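Per-chain numbering from 1; labels A, B, C, D, E and F assigned in written order.
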Amino acid sequence: MDLPTLAKQTHGFSGADLANLLNEAAILAARQEKSGISFQDLEEAVDRVIAGPARRSRQISEKEREIIAYHEAGHALVASSLPDADPVHKVTIVARGAAGGYTRLLPDEDRGLWSKGQFQAMLAVMMGGQTAEELAFGDITTGASNDLQNASAVARKMVTEYGMSEELGPRTFGTGQDLVFLGKELAQGPNYSDAVAERIDAEIEGFLKRAQQTAKKVLEANRAKLTLLADRLLSEETIDGAELRELLAGSPKEAPLAAD
Amino acid sequence: MDLPTLAKQTHGFSGADLANLLNEAAILAARQEKSGISFQDLEEAVDRVIAGPARRSRQISEKEREIIAYHEAGHALVASSLPDADPVHKVTIVARGAAGGYTRLLPDEDRGLWSKGQFQAMLAVMMGGQTAEELAFGDITTGASNDLQNASAVARKMVTEYGMSEELGPRTFGTGQDLVFLGKELAQGPNYSDAVAERIDAEIEGFLKRAQQTAKKVLEANRAKLTLLADRLLSEETIDGAELRELLAGSPKEAPLAAD
Amino acid sequence: MDLPTLAKQTHGFSGADLANLLNEAAILAARQEKSGISFQDLEEAVDRVIAGPARRSRQISEKEREIIAYHEAGHALVASSLPDADPVHKVTIVARGAAGGYTRLLPDEDRGLWSKGQFQAMLAVMMGGQTAEELAFGDITTGASNDLQNASAVARKMVTEYGMSEELGPRTFGTGQDLVFLGKELAQGPNYSDAVAERIDAEIEGFLKRAQQTAKKVLEANRAKLTLLADRLLSEETIDGAELRELLAGSPKEAPLAAD
Amino acid sequence: MDLPTLAKQTHGFSGADLANLLNEAAILAARQEKSGISFQDLEEAVDRVIAGPARRSRQISEKEREIIAYHEAGHALVASSLPDADPVHKVTIVARGAAGGYTRLLPDEDRGLWSKGQFQAMLAVMMGGQTAEELAFGDITTGASNDLQNASAVARKMVTEYGMSEELGPRTFGTGQDLVFLGKELAQGPNYSDAVAERIDAEIEGFLKRAQQTAKKVLEANRAKLTLLADRLLSEETIDGAELRELLAGSPKEAPLAAD
Amino acid sequence: MDLPTLAKQTHGFSGADLANLLNEAAILAARQEKSGISFQDLEEAVDRVIAGPARRSRQISEKEREIIAYHEAGHALVASSLPDADPVHKVTIVARGAAGGYTRLLPDEDRGLWSKGQFQAMLAVMMGGQTAEELAFGDITTGASNDLQNASAVARKMVTEYGMSEELGPRTFGTGQDLVFLGKELAQGPNYSDAVAERIDAEIEGFLKRAQQTAKKVLEANRAKLTLLADRLLSEETIDGAELRELLAGSPKEAPLAAD
Amino acid sequence: MDLPTLAKQTHGFSGADLANLLNEAAILAARQEKSGISFQDLEEAVDRVIAGPARRSRQISEKEREIIAYHEAGHALVASSLPDADPVHKVTIVARGAAGGYTRLLPDEDRGLWSKGQFQAMLAVMMGGQTAEELAFGDITTGASNDLQNASAVARKMVTEYGMSEELGPRTFGTGQDLVFLGKELAQGPNYSDAVAERIDAEIEGFLKRAQQTAKKVLEANRAKLTLLADRLLSEETIDGAELRELLAGSPKEAPLAAD
């Protein structure tokens, strides 16, 4: 880890978050009786601030550990394969907070705008977890519920706030949530007919199912690498971006057929 | 009962629940003027903490006792027959709280994830009670209302939170209940069209009716064992997991045809 | 009246209700300067606690008295004819509270469960009043509004809470009314689509119209007894269960064709 | 006016209403320096309590006076022609409160029940006003809005509370308005589907349009009497029940064809 | 202006309005150092009380002045051409309050009732402004929004409160707005199905589009007079009723074809 | 910049806004130790009051800068090409507040009325940004969300408040938001059926998609000028109205085919 990477990882942090980050890092360094804060301390501190301390004490069955490994490997592999996705910074099956593991990406630039293509890649990455479970075990678990909720929210915004559905066109669709006064919100509800609500649903469903298709294509075309990654996670618990890229070398970053 | 069984049974207990449990067990032991707490005391204490004290004083007609025996036997027999269901810990027709009887399962592991297959088995077990009433008496009673309510809630979550309906795909469907501010919740209501609500209903109905089919297949294929179990409950009132497995020995744990 | 009958009649009474009951009986006995409380005093006291004091002072036209007599005779005759209905304890055209008359049944046992068959018989008994008006006068009145409201509520529960509609299957349908916090209730409303609401309506309507059919069949097959009962009510005002059974002797308790 | 008539007219009055009535009558008598209260004073006092003092000072154009006369004559003529309608007590075009005139009926008996036939007659009487305007002037006015509102409410109750629609059958349809707790009412709304709401609307519309047909038939068959009555109202302002019956003598009380 | 005209113009004024009116007139007279209040002062005072003081300082482009002149000429010409419309009292393009100009009518009588024919004429007058813009410039502006809002409200009342739609018949349609208690209003909402709501919309639309047709017919048949009137308004700013009638003399008051 | 331009730019400013404006200008002048306020200071002060201070410190990637340049060039080019659009005052890619850049128009006159034609031109200008992104990069970004939201609100008002949809005609459609009392607002919601809501949606969509078509036609017909403008913005950051007109000279202000 170096300074630019740290800067990207802490993109969007408030002043208080940054103070908290340095404090955590200082505590970690002090525990090890080091005289200064290393980048390694900062890395761990970033994880703590974002997701809480590692929960190594939690009992996890072997079976669940395996499911989690394939789930995270799925996210990482899809992210590594799509040109419009941000590069992977770290994959881990160390549980933090409510999550059994996580995959952290590094945004490429000081991004102020998101394009439709970037959103579509992001959705495919989110689908990578559950799709990997399905491929590896023929069954899916509740572990993807957070991914699905976030993907649903992104797809909704694409359609209702950013005019990214050609079918519905250059229009926004509100639910009155911006209004400040309680009474007014109540009086309004969604400002469109149920026929439009159906079309919005169809477009959201389309973005999500196409993203799932993309994830499936990537993973099916790279089953060996999926297993390799999951196995490495089971033995090493955590893989950083550089290791990941080395592991996947030989896998050229080609885009799968992009539907829509 | 041994320590691991006690641990599984009290999975999800808070510190206060555990304190309460030990207190109840100590009282039970003291009443019998025993010098220590036995596993039997703990077993009874677990039941008291979960479902309230036994209501032996309540008058129940012979007919109702019989209905309850077949109802619980149905739950236990379906649970014993499906590989994805947790093993049965105890079946009883001793009334506690509002329930005329109950069947307690033992979760297999420190479970953090639920798979679609496990949910489907759980739904079939829930359906086992009413289905047994229908088979034995050709009529059904209000006794299953709690089972049906729980099963409906599980099936809804499978469809709306866990992406387990292929038809609706990898999407979550909210009702705004996660939002913290009252006004916002009000303004939102369900965030999907009535056409999607219909499809959600159809999927929930599908999961429940298929589960009922599974329960029916298991019970029709094992009518003699159903009667055996109900009769034993009528004479013994309570059967523990080991006795149950002995009673059903000779009934190999084969999966019925799993629809969907 | 004897002790077991009193016990059945006061099923569901709270301690305060029972205290109230004895107090009323004591007052009645004291008014008559009796030294003890008779069963007759208790009987009257039960009626007072359930429905208020008799309103003999109220002016009722002869025509209305006749309508009420046929209405109550209808309830009693249907109840006496259906095996799944509870036995009749008393029929009366003495007005109490808002009711012009009433028919009181005696539950057969310490009932904890209601079967679908018992609910269907109960619905037919409720329909007996208005159906008798129609048969006797070719017109119906507002007198049945309470019966219809109760029957509608029972039919709804059969469909939405007890899984007693084969069409809708083993599912419960909520309206969010169980939730404790105001805001949440508002955000939810019924948790099903309008298509399901239509099917629920169709099932409720089916249960009610079939019950009406059953009541009609019973009463049309027993027109002479209906007139006999109504005439007796007009002359005697009140008929108890034993008198009723004597009056209807010769009418074997056969079940009419039960639809559904 | 005699005592029984006074009693019928004040049916439903509270004790305070009756005290108010006597007070008004006493004031009227005192103004005329009479030593006692006459029935005439009581009659006027009843009108004041129900509809406010007469507004003779209000300027009304000749045209409007004529419209009001035909409107009230329409009510009175329909009421006089339908056997199920209560007898007319008084018709007047003296304005009181917001009304330009009114027709007062006398209920036949101490009525506790309303039959479907009586409701249908009542609806036809309510329609008589606007229908008479249409027949006499070929145009209708805002003067009927109160009649229409009351008729709509009666027709709704026939369908949703009294089971008087054969199409919808013996069921009640609530809107949750009986519930005491604010939150619960809000959470519920109408407890039926929009398909049922449509059928309720069709039945309400049917009752109202058939009542309008009945009114039209009566008035078209009695155009000469309508004019006679309206003319008498224009010259005399008020007609009491006896005068009305005399005026219409020769018009046998035959029922028009009753649809439904 | 004379006394009867003043009385008609101030129809519906409260006592406070009248006091305010006299006060304004007195101030106007005092400013001009007159010893008494003239009818001219009262006329100006009426305008001030109804619409606020004239806004002569406001900058208006020549183009907008022309649009406003045609708009008001349209109202005045339609009102002058329909027998059921009230006579025009004054037309002006002097801005007051938010309005760029206005056309004031004089109600014919102490009106207590409105007929369907009078409402239809009123709607056509309201449509006259925008229709004149369309005819003169081939484009329409936001200047008609107030007319359209008022016309929509009138048409809605005709259909939902006054039974003036033959299609929907003698029924009123509420939205619960009369109820006093907040909770109850919420629980109710519109008391009819969406199918009825569609029919209400169709009838409102029908009344409004037919009124627009009527206005169009009148104005197309009188284009020269429209231009004459607009030109006069541009040069004189204000035209009173007598001048208007003189200007339009030779234009017999014939009714255009009245649809519906 | 001269005085009339300043006046147009500050149209709609309150007294406090104007005081704020002069204060900002004075501070800017003082910082440069000037003895008086120049028009240049006022120009910068207007921008600060409307959109906040320039955010030059914000890091923007080259790619994003290019996207913003094309986006703003799109707005400016469409505005310069449509006769009904106001003239462009300034285009810039200097970020202020949340916006990456902006295009400021100068209203032509003291406008009190907006015509349908002017609204349609305004919508096309709003669409110019996203359409230019699509043309230049084949992808669109979140940068247009504000344009789309404003355009959606304008199109809605055209249809529901100004009667500018021929299909829906001279009617306004409310959502109860004008009512002052909370309860009433809640009870009402939209005062039209879902069928009308669909037609409103179709008309809004029509206005927006036609505006997008217009923008597309203008930009496709002027691709070289679009590139010229975007390049100039990348090198100069800001272009004022006079420079823009010079740059586009040779591009006659011809209207593209106006749909609808």
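Following the convention adopted for this analysis, a residue touches a chain if its C-beta (ideal position, glycine included) is under 8 Å from a C-beta of that chain, and two chains touch if they have at least 3 such contacts.
Please read these numbers as outputs of a predicted model, since none were measured by experiment.
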item: Number of steps on the shortest touching-chain route linking subunit C and subunit F; value: 3
item: Contact distance in steps, from subunit D to subunit F; value: 2
item: Subunit A onto subunit B, rotation angle from CA fit, given as a multiple of 5 degrees; value: 60
item: Equivalent interface positions on subunit E and subunit F, same or different at half; value: different
item: Whole-Å gap separating subunit A and subunit F, where each centre is the average of the chain's CA atoms; value: 35
item: Geometric centre distance via CA averages, subunit F-subunit B, whole Å; value: 61
item: CA centroid of subunit A to CA centroid of subunit D, Å; value: 70
item: Where subunit B touches two or more other chains, by residue; value: 182, 186, 188-189, 194
item: Category of the chain touch graph - line, ring, star, complete, other; value: ring
item: Chain order around the ring, beginning at subunit A and proceeding next to subunit F; value: A, F, E, D, C, B
item: Interface residues, subunit F side, partner subunit A - complex; value: 58-61, 63-64, 67-68, 100, 127, 130, 137, 139-145, 148-149, 151-152, 155-156, 175-177, 182, 185-186, 188-189, 194, 197-198, 200-201, 204-205, 208-209, 211-212
item: Interface residues, subunit D side, partner subunit C - complex; value: 109-117, 161-164, 168-174, 182-184, 186-189, 191-196
